[in-house]
Each structure stands twice: as structure tokens, then as C-alpha cells.
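Taking it in order: structure first as C-alpha cells, then the write-up.
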Amino acid sequence: MQDLVFEQEIAGRIELYDISPEDAETNAVIGNALVSRHKRGQWTFHAKASLEDALSGSDVVFVSILPGDFEDMAVDVHAPEAYGIYQSVGDSVGAGGLIRALRTIPQFRVIARAVEHCAPDAWVINYTNPMSISTRTLYKEFPRIKAAGCCHEVFNTQKLLATVLELAGCAPEGSIAREEIHTRVLGINHFTWIDRASWKDLDIFPYYKQFAARYAEEGFRDAPPATTFATGGAGAEDPEEAARRRFFSSAERVKMDLFRRYGLIAAAGDRHLAEFCPHAWYLANPEQVEAWGYALTPVSWRIANQNALKERAKVYREGRATMKAAVSGEEGLAIVKALMGQGTLISNVNLPNQGQMPDMPRDAVVETNAVFLRDRIEPLAAGELPVDLRALVTHHVLAQEGIIEAVFEQDREKAFRVFSQDLAVQTLSLRDARALFDHMCAKTLRNGAGGPFRAG
Amino acid sequence: MQDLVFEQEIAGRIELYDISPEDAETNAVIGNALVSRHKRGQWTFHAKASLEDALSGSDVVFVSILPGDFEDMAVDVHAPEAYGIYQSVGDSVGAGGLIRALRTIPQFRVIARAVEHCAPDAWVINYTNPMSISTRTLYKEFPRIKAAGCCHEVFNTQKLLATVLELAGCAPEGSIAREEIHTRVLGINHFTWIDRASWKDLDIFPYYKQFAARYAEEGFRDAPPATTFATGGAGAEDPEEAARRRFFSSAERVKMDLFRRYGLIAAAGDRHLAEFCPHAWYLANPEQVEAWGYALTPVSWRIANQNALKERAKVYREGRATMKAAVSGEEGLAIVKALMGQGTLISNVNLPNQGQMPDMPRDAVVETNAVFLRDRIEPLAAGELPVDLRALVTHHVLAQEGIIEAVFEQDREKAFRVFSQDLAVQTLSLRDARALFDHMCAKTLRNGAGGPFRAG
Amino acid sequence: MQDLVFEQEIAGRIELYDISPEDAETNAVIGNALVSRHKRGQWTFHAKASLEDALSGSDVVFVSILPGDFEDMAVDVHAPEAYGIYQSVGDSVGAGGLIRALRTIPQFRVIARAVEHCAPDAWVINYTNPMSISTRTLYKEFPRIKAAGCCHEVFNTQKLLATVLELAGCAPEGSIAREEIHTRVLGINHFTWIDRASWKDLDIFPYYKQFAARYAEEGFRDAPPATTFATGGAGAEDPEEAARRRFFSSAERVKMDLFRRYGLIAAAGDRHLAEFCPHAWYLANPEQVEAWGYALTPVSWRIANQNALKERAKVYREGRATMKAAVSGEEGLAIVKALMGQGTLISNVNLPNQGQMPDMPRDAVVETNAVFLRDRIEPLAAGELPVDLRALVTHHVLAQEGIIEAVFEQDREKAFRVFSQDLAVQTLSLRDARALFDHMCAKTLRNGAGGPFRAG
Amino acid sequence: MQDLVFEQEIAGRIELYDISPEDAETNAVIGNALVSRHKRGQWTFHAKASLEDALSGSDVVFVSILPGDFEDMAVDVHAPEAYGIYQSVGDSVGAGGLIRALRTIPQFRVIARAVEHCAPDAWVINYTNPMSISTRTLYKEFPRIKAAGCCHEVFNTQKLLATVLELAGCAPEGSIAREEIHTRVLGINHFTWIDRASWKDLDIFPYYKQFAARYAEEGFRDAPPATTFATGGAGAEDPEEAARRRFFSSAERVKMDLFRRYGLIAAAGDRHLAEFCPHAWYLANPEQVEAWGYALTPVSWRIANQNALKERAKVYREGRATMKAAVSGEEGLAIVKALMGQGTLISNVNLPNQGQMPDMPRDAVVETNAVFLRDRIEPLAAGELPVDLRALVTHHVLAQEGIIEAVFEQDREKAFRVFSQDLAVQTLSLRDARALFDHMCAKTLRNGAGGPFRAG
């Protein structure tokens, strides 16, 4: 929303759909107030009562949903703790990510069918986790869809690489924009790798190697927090912000450890990376997590944060305060502009594998660079991962494919098999794995219409 | 050897090479005595002092070696127990299999080069474990080699299926030969799967389903022991035989459990199957192994058994006793005959993937059926594994490829990375994994010439 | 039919459907008379009024149709002659084969849908030309179909190879059965290649090389006629038989010329092979055809022959003569028995590419060996063609895929593009190619319902 | 050379190697004079006596050679005319292109080995025809080479598309730079296709369709000449320039005809496109060529032009005239800058297929877009060609692979087989094809050392 205020070249109409009509309405009010205050009348916001209404006539569709609610997510993240399985995020992979997928896939099938009927030529930009699974679902349900999954995790790594160069004296502090850091990206969302990186005529790898040699043990705390979005204030950090920093920032130790062992730069926050590795490495227990310099994000914090955000939205809606506009650092608007023919963008994106990663299964959703142009997103050939990382990535790619098949085939036992083979769950006995699966399903899945499996 | 006695159609000269010249000589003496006693003068045995001598002029080469000695194998199998990792065999996969691979690969490179120079058109029939890795090494070192890996594990499963039919009343007990059981085989050695099975016009799957329903919990002890070879005696079982039964037979519970969960018939002994699965399932600790109805084979038993065999060989060599000839049930001779143009054989075999398993990496050594004909072994297209089993098999295929690359590239750190990602080892912290790897390497690898890694 | 008389192991009910109900009835009468005369009451024949009736309850379905009638075929074969394009058969490939495909594909879509609805688990054995196109259509319309295309051309080449060995003195004349000749087969129907061939322990290639050196120029006329089916009589050849010999036999010169240039044994009749090669090689004009020792089969002969066959059928039906039973040499019954679980058969067959020819597009229908077993036909990995032959085969594979796409997409212009790129048609100017295409379509295609393209 | 004068950001040393040392020296003198006159002392030119000397220490290597001399090329182009085969260029494909390849491949093997030994990390930018074959040879000889083939034909098509938009009134005449035309490029060099094209927010295809409807019959002569390089003068056209226009310009009728039939935009000059199609379409005889609005380039013109260029070089070298510097429109310098880390470039380029065209054989050299960055050229996934164009492109790809194999394997008969299957040559009888092949080889190939085949 805020980026639109600063946009000069394109204009449009934004239709909002939310399963809570009131939230859609609130957002429309806030959006319209914001643009009118900044004299950007070319943008208007409209809340819509149905998905079909919102989609019809669209050129670009953004999807960002929470599959289920935070109580479901509390089960995703915390229920496995009873079995010794800790998760730092629990939304992409692992026990939590797979159960969340069981809620996500049916919803994305609905969305894909709605796009097919109401806006088959629109671009669908997806920001929902689990990213690979939700994007793959769109294509599996409606193969001609034009969809892409976008995520800012690689951007944060690019910012870190800029900092690395600045620390090494290649440029003054804060002078390198992350867009100047050219990285070759390959892998899957939240477990993405960089095997080439340059800034101008410099190869970044030797600098990163020095950096890791220096900081791998003690950690690097000056790195920017894992997400800088919505960080508004300055001065003395308010408690809300302190909590956010605590749960989202990291000492980059996981990233550096992976680099020292594998030689490639892992391009996601440590919280995510840890979940895609064998859990004994970085997630064995809370003490180990702390020792590695990152944090388990409790869902209780998310609930509190959501309440605060809702409260603030209410304040904005009622005009008791005005929202400040600031450039977000997200690329959503740049993508829209490129797709509309305004400029060319090269960035990382999640797309079905059509040859960009020849060592991954065809049609699996992989994350690589792509060129964004008028009505086109074309991935760059990214080469192959070394065999050891290929093994780790393939584990997750096949789990993602498996959980999607399980829902499409309404096969609860297949879902359990995939769950039981998960890196973390496979440390449990079959009996415990079954008990955990049954518990998580019972707590978070609505069977019958809209649920992943037929009742019975 | 024994099969030759009964062979009527072909004849030949057998040259024996062993790193122990004395053992080769012993075997030659025994072999010649055996065939002369049975008036099979068309076969002669000759001990050879060098690999090159033995290979030159050969049409078919059999390779069956123990990489290293049983003290090394004791480290393979038992060293990980200190870290809670139990292994039932430890020769194909897992911590033990991978370290054994580090000893095997350099030896098979030597063999491949010797074949290239001395017998480039000969067929190489490999019986060595780790089977997939050793066979793949032959092709990687000498891509034009004509090599195949053979193993009897699938045969035992075919025997079990015959028993299943007999128990169901389809045929009188003992009346179905295992060769009549037609199975479609796909996967990798010791983790091979059957997704189609028939006898005459019967589909075996419904019968196996009933069988598993009946016996999955209590186990099926009347099944033939996992290996029947060399089981000579009758009457009261001698202690040696009792130990063998104890360590090699199983209640087939692992196999039936896998069937009940995955719907395919696992075609190897439970001891092998367990090692290819997450270790929490069947190998968490000795008690769990016992509960599942199979056994951990202690290397001490192998050492004792080897001593007994050597003693018996000495007896045979010195003429103090005569070896009895019995048909072995192995297919080695049938394969030789087919390759020589005597009949056509369809059987399972380990070969580089040239399309027979389109969901596995090209050139990985996979186990499927093949047709054996004059100078040809042609694999049958075996289709794809279901995505969940594909994930388990792919884990091992990439580990196998990774450990081979590590040796070819002399990259000890890559070997460690592969080791650390192993299904069982990945339950350890990185520190423990490193300690275990270093210990096992130090105990069993000779660096420098002939070792997998350069000294230093 | 005749083979059934000699069959001892299986029995069944044969339902006949023909677009001419009278013909179906005639065949049923003849069939029942034949089996009752030979006391084979276990087989019964029944004419059915609809395709659906005939299919319902079937285990195995045989499809052998003439797409259109012989007047259409006269256009296929002879219309291009006005433009200097001669065709020896005109039913598989080239201008005639592609136009015939436009009639065939819609009919096979109907058959595939009928199988899907009435007998989805039945095996469909297809004997219709164009073989590759009609078999591929079945799978494209109903992907789960169990269909295979069978053809005896390779058998004739195997007979020739037996003769080659007998001529070389390897065995007495007539002593080698074609089933003893083991060939590795790869390519597409009627343009199939043998790159390995053996009989017992002999490699046939050196003998074939000598044979070609001896006969390539003068031709080899003692070879069996290209088809021996239905050749009944002995003694002085009757005129009908003489005409058949004239149009179907060859001097094998095309086959030998291809061998001398490419080093592989072409495994189809010269009449077919010539059509798959650049037409300037063997089909430039009738004189060149004669010089190469084979013949252009005029459709007028086919019409006369059909009339004679119908007349003979009438005679049989009315009991004025009795049909003699003789073993046909076709494999249809052996295939049925293998699929029913009676024995194992290895033979060549046309199946979608699932890895058996890794250098051909996935799903293209290719001809290789396969193993036939209870409810299974599993192709053998056949390796790759040399790059020059791969180019020729790929030309036809892509034309086949293109003409099928054109019909499925109702795209007449795509059909023309494929036609215009055909090896023979591409020697015409675009204007002539268009005129020929329009003429052939106008004469042989019924648009609208059942036709390949929408009226328009 | 001329572009360097205007270059501000990079500097360097240019070493020239030519099989004629005098020509290298001449070029060095001219280059140094040019840069010193323009005060660009940061660039220096040096003639080198050996390839190894020139390569050592290089960061970027440009290769642009004439394989053989113009007398050889006269044979390539004109010898087939005796058999009715006309060629408009004769350097990439067809009879002339394949024979030229037999001279090119051995030279590029030498170059690849020299790069391997003297500059293994340098980028090799290749401008030599046959482009696909010479670039593929570099990779086949030295697989780790960093090489790319560059060609300006697509640029000319982009210029045409700019003109199309200007004619349609989308922008003032001459206002659209070709770099603003975004095309998706796929295919092979000189037979390259555009399936997506946009300018800002406009889809160019509808405009091009109108353009083709308007001009397909009469031709479009205002299009820029097929090559604008070195066209210096203004005012009354001099005879030299008139000849050039006559032989290189076209009415774009071939391009428009292909568009009207296939729906994709062919992205090369008509002279090239015609040669990649069946010759009866556009190259049946000189009259047809003229009717289609383009020309056969006689080698006599090339010889005269070369003499004129050499004369002019002499004049420059002796200081009797000064070379004028003008921006060339070629991208060589922009590529160098991007590879050195100065900016990012997206352009079309010839690279081994690593997934960018999944319907073409792996490792075949294909032409698609790529991103040029510091030390990287990464192709964009370009999707698949429609099946009809795929057939035409595949024909040439396999011929290219075949002729390369023939030279690497020293197999003259394989070279003949590939030659005989060429689109134009396959219209000849085998006897004529053989005679033409033998004649062309005899006239242009030096056997023995450096020749493609062993003497004998």
C-alpha cells in the first residue's frame, strides 16, 4: 500500500477480498485515506464481498493468506514439542509446515479454480507460506495459470553481503544497495542457495569466507534483523520492537556454519535454514537454538502482534491517527510494473521447474533468478546443486510433492507417510509419529467440504 | 563351484586371484578335486599371482571381495553403537556402509582399470557389498565396462511369495519354484521393491495382503531363513547353524509392516530393509530389533564363521574330507550361460540407470529386472516408485553418488558431509558426527597410496 | 481365428464388431464353423451390433480397421503421383500416411473413449496402420489405457537372418526358427532397427555383412516373400498369388544398402523402409523402384484382393467350402496367453516411450522389445540410435506427434504444416504442397462430426 | 575497434593473432593509430606471433576466423549448383555449411586446447560461422571452457520490429531503439525464433500480424539492410555499397511467409532462413530466390570485397587516410564490460543447452536470451518450440551433432551420411550425393595433420 503512494508511472484499482469482510473494508478505508492524503487519486481501494468479484477483471492478483488461524498455527509449531521436536517457524517445512500444508492446499485449489474462471490471464503473485507447496498447488489445479511466489529472504542475505563488503573496506558503510549485489540463486524457498555472488567487478565469495572465518563462532549481531518491514520507530526501542528483534533477528551462525561446511551461501534467515536441516544440527532443543544465536518464535507472540496490528488498523480507520507512508523494500510494485511493461527486473522467484534446475524434478516449484518483463517471468538456468545439498533439497521437494498428492488424491495415509519421513519426525518411533499426526490433524483440520480428506 | 559340477552345456577354465595367494591356491585345489571327483574334467581351476594374469583372456569375471578385513568391519558395524546407532548388517548403507565404501571404491577403481587393460570386453559380475557403490565405481572409472551386480535377496522374497500362495491353498506345499514367481522389481540393492507379482494367472498381491494381515503382528517364523546357502545338515541343528539362523533369519515383520504402510512388497531381508529406513522405525535399539523379530549380526560371529570356513577349506584341501556338491540356488552359472548364448534369462540385476527408472538419476546403479542374452544384459523399463518411497530411495542414491564423488575428488570433507547426512548419523549433533567419522576413518582407512584420500 | 483351433490351454468368447454388421456376422459364422469342425467348442464367436456391446466385459480387445475405404486409400497412395511423389505402401508415413492419419485419429479417439467406459482394464492389441499414430492416439485420449501395437515386420527380418545363417552353413536349411533369432529392436514401426542380433552363441552381424557384400547389388530373391500370411496353395502359382508376390516381395536391396551405409539392420520390408527415407534414394520414380528390386503396391490390387476375400468369405459362410486351419505365424494368441499368465514372451512391440529409448521424446510410441507377462507388457531398455538414424527417426516421430496434435486441436493449418514438412512433400513448392493437401483432404475427409476438423 | 574509442569505463591490452602475421600487424598499427588519435591511450594493440602468446593472460578472447579461404568457400557455395542446389550464404547449414564445418571443427579443437592450456579461465566470445558447430566444438574439446557464440541477426529483426511499431504509429519514426524491443528468443543460430515480443506495455505480435498482412506479398523494402555494419557513406550510393545492398538486403518476404504459416517471428535474415527450410520453398532456383525478394550472395563478390578491404587497410596502415570511428551496433564491448562486472546485459547468445530449451538435446548449442554479469552468462528458460518448428530445428541440431561426431571419430562415412541427409542434399540420388561430397571434400579439405580425417 505504502509503495503506491510513491509510484508515479502506473495507476489502478485495487480490489480487496478477505474471509473477514470487515478486515477488507478496514483496509480499503485506510488505503483510500492514505492515497488521498498524498494526492494519489489514481489509486482506489474497494472491498469485495466474494473472491470471484475481486478477481474478475484483474490484471494482477496478490495472494497472502494465513491458512487457518493462529490457534491452528500454535498446534503446528508447539504440538511437536511434546515429542522433542522444536521448530523455529513451523510454516514451511517439517511437522508444522506439512500440517499447515494440509490446510493450505485445499484453499489454493479454490483460488486456482476461481482464477481459472474469473481471471485466467491475470498474474498471480503469491506471498503465502508454505510457499513452494501453495504455488505448486496453483499450477497443479490450473496448469495454464501465470503464478509466481515471491519472498524477501534472499534480499536480506543480499543486504548481509553488502555489509560484508563494507566491513571489508570495499565501500563506505551503508553505501551498497542490495540491488547491486548480483547473486545466482538456486534451491527452494527458505532453503535457497547462492553459488555465485558479485558486486561490480568483485567476487564476493573470498570476502564472505573471511567474514565467516571471523564471525562463525561468536556470531554477527550487527547484521540487519531478519525482517525490517514495518519497523517504524527510532530512538529507544519499544517493547514490541524488542520482542520482534528477539524472535526474528539472528547471529547468522547457522548461515556461516553451512557456508563453512558446504561452500555455498545459504540465502534465508537462520530460523528457516535450521528447519530444513537435520534437526540434531541446530534445533535439537531450545538451549542449542540459543547457542546458535537465533530464536524459536512463539505463536503467542504472533497472536499478541496480530491484536496490536488490528488495534492500530482500527485507529487508522477511525481517523484517530494517520498511517505514515514509507518505501517498504518489498518488490511487489516493481514486479507489477515490469509485468505491465514498465522496465525490466531481475530477481529471485518461485516457479515450476521447466529446466532452470535440471537436477530437480520437472514441475517442482524451485527458487531461482528470473527476468520480469511485460507479461513474462522467465527463469534463468541456475545449474545444479552439489550432490550433498541436492540430497537435502530433494528430500523437501519430494515431501512437498507427496503432501500435495495426498490431498489431491484424498489419501490420508499417504499424508501420514510423508509426515513420518520428515527430517524431524523420522526421529520418532512409528507409534509416536502416528500419535502426533493424529493429534495435529484432529486439532487443525476441518474434514468434509473444504478439508483435505473426505470424512470417514 | 558346486554348480559347475552339474553343468552339462558349457566348459571352461577358471582363474582365481586373491590378495592372499594361499587362499587362491586352496580354492583351486578344492575346485579341481571337486570336478575331478565328479568327472567334470572340462572345468579346471588355476590360482593366479596377479589380478592382471587372472583377467587376461577372460570372458566373464566374478568379483567378490571383502573390502578390508573383519576388524575393519567390526568398526563399521559396532563403532556407531557408542553413539546409539545400531546396524543389523552395516555393509551397504548407513555409517558402516559409507565407511566401508571408502575402502571399497579405491579397490574397484583398480579393478576397473585392470579390466580396461586386460579384458575390456569381458563381462564383470559383481557380488561385492556395498553393491550399488561398487558397481557404479566400475562404470565411473571405465565407462565402457560391461558390468552387472547380482544379489540373491530378491530370490528369497520370491520364495516367500511362493510360500504365501501355498499357505493360501493355491498349490501344494513346496510345489512352487521361485523362478515361477514373476515380480517387477525396482529400487536399489537391498532396498528393492516389488510393485507387481504374479504366479501363472494369479495376482499375488491380494494373497500377500491377507498374509500380512494375518502375520504382521506376530511374525512369520516358518519362512525360509534369510539365506539358505551352505545350510547343509539335517537332524538336530548344530550350534553353528543355530547361530546362523539366529543372526540371519527373521520374522518378516519389517517387510510386512512396510507393505501395510506403503502397499509395495519390499524385496530384501528385514536386516537390510531396516537399515535403509529411518532408524527410529526398526533400529532404535537392540530391544526394538528383537521386538521386530530380526537380529543384529555381530561381527564376532563373522570372524568365528570365517575361521571355521578356513578350517574346513584346509580340511578339504588336505583331502581329510570331501566337499559335497549341491546346487546353490545362486544364478551365477545361469548368467554365464545366457551371456554365452545358452538360453535366455530374465532376472533382477544392478545396472546403471539408462532409462529403466526414469525417476532416478541417470547412471545411478539401480536394481530392476533385465533380460540376459548372448553378450547382452538389457534392463526392463520398471516405471516409477510412488513419491514417498522415491524419497527414501533417492536419499540413498544421492549418498552413494556423493561418497563416490568424494573419493574420486579426494575430498574428505565431502565424504564427511555425506556421512553426516546419513539417515542414522543425522540424528547426531555435528560434533558427534565429526568425532564418529574421524574415529572410523582412523581405524579403518589406509591413507596414501590405495587409500581414498591423500595423506594430509 | 485359425490359431485358436490349435490352442489347448485357454478358452473364451470372442465378440466381433464391424462397422458392417453383416461382415461381423459372416466372420462369426465362419469362426464357429471352424472351431466346431475341429471340436474346439471352448471358443465361441458372436457378432455384436455396437462397439460398446463388443467391448463390455472383455479382457483383451483386438483392433484392426481400415480407416476409410479403399477409394480413400487410392487417393492416399496415388494422388501424390501427379506431383512426382511415389509411395510403395502409403499407409504409415508420407503424404498418404499422414492423410490416412487424419481419418484414423478420430476413429481411435472414439475407440479409446469406448474402452475407457466399457472395458478400462482390458488390454488393447492394435494391428492398425498407421501403427505409431493410432497407438499414440489411444494413450493420448485415455492415458491409463493398456494398449500395445503389434506388427510382424520384424519377424520377417528375423526369418531373413535365419536364412543368412543357414546360407553361411551355420545350420541346415530351414532348421532355424525365427524365434531363436534374438534381436535388439529399436526405432518406430516400419522403420525399426536391429543393433544386436545373435543365434545361440553366434553374433549374426559378421554373417549379415558377408551376405550384404554378396547380394547387395544383385539382390536376394530367395528370401521369403515380405508376407507369407494366407499363402495357401502349392504347385503352379495361381495368378492371384503371383500378383501378391509381385507387389509384396522384394530383393532386400534397400535393406542391404541401408546396412552397408549405416551398419544397422533395418527390420521391415523394403516397401516400408523406402518410404521412411528421403524419397530420392529409393522412390524417385517407378523405374528406380524396380531397379531396387521391390514394387509399388497399386490400390487397384487391394480392391481386387478384397473382393476376392469377400467372395471367399461368402463361400465359407454358405458352407460351399470349408476353411482350412493353419498356424498363422502371428503372435496374437501367444500375447493373449502371456497376458493371461500362460508363459512369458519376449517380442517386439509398439509402446509409449517411458525410458526404453532415452533419445526419443517421452510418450512417443516406439518399437522395442518387451516382456509379456500376466497383465504386463514391459519394454526393454534399447539404448540410443546413432545420431544419423536418430535424425531420420525423429523426423517421423515429430510428424506423428504433430498430426495428432493437429487433430486434437482441430487445427487444419497445423496439419498442413506437418504435411508440407514431410520428407517427400517438402520437395514440392509451397503452392503445390497446398494444392495436393487440399485435394487429398477434399477427397477423403468427412468434416463435421467424426471428421478431423470442424467444418469451416 | 571503433567502439573502444568511445569506451570510458574499462581499459586494456589487445593482442592480435592471425594466421597471416602481416594482417595482425596491420590491424595493430591501425588500432593504435585510431586510439591515439582519439586520445584513448588506455587501449593498446599488439600483434602476436602465436596463438599461445596471444591467449596467455587473457581475460576475454574473441574468435572470428574464416575456415579455409574464399576459394574453399566458392566450392561450398557454388559446387552444389551443378546438382541444382542453390545456397544464399552457404556458411552455416546445408551442403556448404557442412563441408565448411569439416574445415572448422579441427581448427576449433586446436583453439579449445590452446585455451585450456594458456587461458582456461578466460571467456571465449565466438563470432565464427558455422556458429553452432564451432561453439559446440569448443565445449566438446574442453568441457570446462567458458565460451559463447554471438551474432547480430536477432538485432536486425529487433530493428525491423521497431520499424513495424513506428509504421503503425505507436511512436515517431526512428524513435525506438532496438534495445527497447524485448523478444523471447529460442532456436539455433540463423534459425532463431521469437515467440514473445513487447515494447513498453505493447504486445508487438498484433502489429506484426498487420504488417505481414500488408507486405507479405509485395515485400517490405524500406527495412534496414540485413547488415548495416561498415556502411559508411551518405549521399549518392557508391557501386560497392550498391552491390552490398543487392546481396545482403531483402524484402523480408521469407520472414513474413514463415510468420503467416507458423505464427512465430523468424529472427534472422531471409538469406539465412531460406537455407534452413526445405529448399523447394524459397531456394529452388535463382528465379524463385528473386521472386521472394532476396539474393544469392556470390563468393566472387566476397573476394572483391575482401580485396577492397585489404586495400583500404593498407591505406590506413600507411597513414594515407584515417579511419573514422563510429559506434558499430555490435555488442562485443558491452559483453566484455558485463563480464568484467560493469553493468548487466540481457541479450541473445549461443550456449550449450543446460535446460533453457527442454525440447532440444542436452549440450546442443542453442540460441536463447541470457543474462550477462560479472564472470557469468546465464541462459533464460525459453520454453519449447511448437512441434512443427521443433522438427525443422531438430533436423539441423542433429546434423550439427553428427558432423562434429564424424570429425572427432575421424569417420568420413558418417560425415557423408550426415551430408546425404541434409535437407537440400536429400533431394539428390545417393550416387549424386556421393559424387558431390567427394568433389567438395577433394577441393577443400587438407587431409593428414589438421584435416578432419586421417589420410587413407
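Before moving on, here are some points about what is shown:
Going by the order they are written in, the chains are A, B, C and D; count residues from 1 in each one.
By our rule, a residue touches a chain if its C-beta (ideal position, glycine included) is under 8 Å from a C-beta of that chain, and two chains touch if they have at least 3 such contacts.
Not measured: the values here are computed from a predicted model.
Each chain gets a centre from the mean of its Cα atoms; the one farthest from the centre of subunit A is C.
Inter-chain centre distance (subunit A to subunit C, centres taken as mean C-alpha positions): 56 Å.
As a whole-number value, the distance joining the C-alpha centres of subunit A and subunit B reads 45 Å. Annotation for subunit B: no residues touch two or more other chains.
In terms of inter-chain touching, the protein chains here make up one closed cycle, each touching precisely two others.
Touching pairs of chains, sorted by label, consist of A-B, A-D, B-C, C-D.
Those residues of subunit B that touch subunit C in the shared complex are 182, 184, 196, 198-203, 340-342, 344, 346, 354-358, 362, 369, 371, 373-376, 378-383. Subunit D contributes residues 257, 261-262, 278, 280-281, 284, 288, 359, 361, 387-388, 390-392, 394-395, 398-399, 401-402, 405, 413-414, 417-418, 420-421, 423, 426-430 to its touches with subunit C in the complex.
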